[in-house]
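The structure appears below as structure tokens.
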């Protein structure tokens, strides 16, 4: 855990509580009020629960082969977890594919533990093995907390994934003519009260791609990046993107490369 | 150049063929051409989505406006004009000139962000909201509003509308209807959904929104 | 078995601040599923905390405590190395006990 | 980095062992009081818990944000510096059932508790202290719940 980040988070939380306890409070802007609310939640992020669960899953013998995931190669060599999150999606020679964290985890679950990857990909979020994939992703991400994004772009397929992702980002469709860019291509915009990260460049430390997986306060669920993208497309009024499908991975490559240098705070807490 | 198409890509064979041609033309030194990447992206989109509930894959079949506005660069003036011309040609004015409804109903529709997602069960206009507050400030009392679109607070007042039935108000009334019905009439790549054209809201619902924006009694104009 | 709690207990002046996160759905019994069926109430009803074996706090909760509950309290006189044990029990009779060491 | 889960698992096992060895006293759970959690008003809830008429007091503090971005999780707290407090209650006036939580405090903890509640809409939130001398004191704070997200 990055000490500075932790200290900053605690300071913010303390400030939030202190502010909340100062009574009577003068008229506060809506923005200040929301900032205070967020600060009060920052200390005690339920993502911790999923992080602990994910770590347990990584080290537990599971699946038809009764194996752990401790030999899983997330791009830094078998079993290396720290630092992996901030370099994904990337090219993997064994699968001949660019993979994001979750699709890579599923590959490991198939090859090491004997699970059926296609079956997991078909499973709904929040059910069956998908729950475990999310928890694993939460833990793997947490192991890179405080590190800076630095996706490799050396392989032609990594470059191609970026280019595909960029095009998908701007792809307009659906009943409402929305694309990812409709909401995420300008600075300082928001939907309702939610700030929208600018995703066509580095949106800053702990923002956008550097914040997910995140605990969603609104439904009390842990959301991985795959689910984040899935729900973006739902609200874009698009049809359903397959789990780990080429466009979801490519969008990850696009956002991840754009976020180069951004410090990861994942798993974060979100509205 | 060694080009390795993703095995998951649908119509992989076709893409490989195209990629090979593209690579030859590009002289092997660089990756696939821009046009080639455009084709691959389209193929990836087609391969990656599936039907879910009311959200069918036909929704990713783009019309001219959607495809021409799918890049970080705006379309050429000529294409933009074609999009707007199409929008004007398909514009429908309200039956019997009924531009207005009830601003209270308008507020309700403006508040609702529902409709047309794969978790919605009906594509009927009655199931849909206008999503207005997602992007616009409207009534002063609603502090939870988005900023993707311009503020619409005092929309009618700022435009000098004191009587929505007055002849002097007619141009702004028609303009507003057009914006709601099909905003591409004025701005080919507008972010605003085409509520009338796409069948998201019916005439009555749009008339309620008209009242919300233009009626001097509406909270918007206080 | 329910998932483990996360308990952090840190010395802060003359007391230790204890923060507890519990993994629980906290269903109100008022929500309906996609098919329109009422989702039955399922929530933590009772929580207790002990400090070195001595009970210092007990609580009764209703279904309006938020999902994946959080609770914070200060244990007087707790020092580094002391044990804090938290137990919860829900309306289905499921229970979970976890322990943390004060740091 | 230490393994959190291992630590927790061991702790759970340890706690179990201690309990079975009789080293941890059987904890006295406050019996859950259905009538209190069915109450619609503060007075009813307090009455169901055996208390008298609540009186507003500046010695009681209710904490929480002025605005909650989401009603599903609203951080709230109850505290008092008065000696002799037996119970701290948290209530949300406009929830279907007003009572959210009852904390039986002992000399071993500060009379200051924080948790998170669900709020269906903007509402007054009450912190209530039931004192050893039978007095029931409360503080109130309004918390606004905003609509958020695209689905709003």
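Per-chain numbering from 1; labels A, B, C and D assigned in written order.
We adopt the following convention: a residue touches a chain if its C-beta (ideal position, glycine included) is under 8 Å from a C-beta of that chain, and two chains touch if they have at least 3 such contacts.
The shown structure was predicted, so the numbers you read here are calculated from the model rather than taken from an experiment.
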| item | value |
| --- | --- |
| Centrality ranking, top chain (CA atoms only) | A |
| Contact-richer chain pair (by C-beta pairs counted) among A-B and A-D | A-B |
| Chain centre separation in whole Å, for subunit B relative to subunit A (CA means) | 28 |
| Gap in Å, rounded to a whole number, between the CA centres of subunit D and subunit A | 33 |
| Subunit B and subunit D: spacing of chain centres that average the CA atoms, whole Å | 46 |
| Per-residue overlap in subunit A, given as positions that touch at least 2 other chains | 30, 52-53, 191-193, 220, 235 |
| Residues of subunit D whose C-beta touches two or more other chains | 4-5, 8-9, 72-75, 116, 146-152 |
| Contacts with two or more other chains, residues of subunit B listed in rising order | 131, 133-134, 143-144 |
| Of all residues in subunit A, those that touch subunit B in their complex | 30, 96-98, 156-157, 159-160, 163-164, 166-168, 170-179, 181-183, 185-186, 188-193, 196, 200, 233-235, 237-242, 245-248, 250 |
| Complex interface listing, subunit B residues touching subunit A | 1-4, 6-9, 31-32, 37-38, 40-42, 44-45, 47-52, 55-57, 59-62, 65-67, 69-72, 116-119, 131, 133-135, 143-148, 191, 193-194, 198-200 |
| Subunit C to subunit A touching residues, read off their complex | 3-6, 19, 21-23, 25-26, 66-68, 70, 72 |
| Subunit D-facing residues of subunit C, complex | 4-6, 15, 26, 28, 30, 45-46, 48-51, 53-67, 69-77, 85, 87, 89, 91, 96-100 |
| Parts of subunit A lying in touch with subunit D, wherever the complex brings them together | 1, 16-17, 20-21, 23, 25, 28, 30, 33-34, 36-38, 40-41, 51-53, 55-56, 59, 143, 191-194, 217-220, 235, 271 |
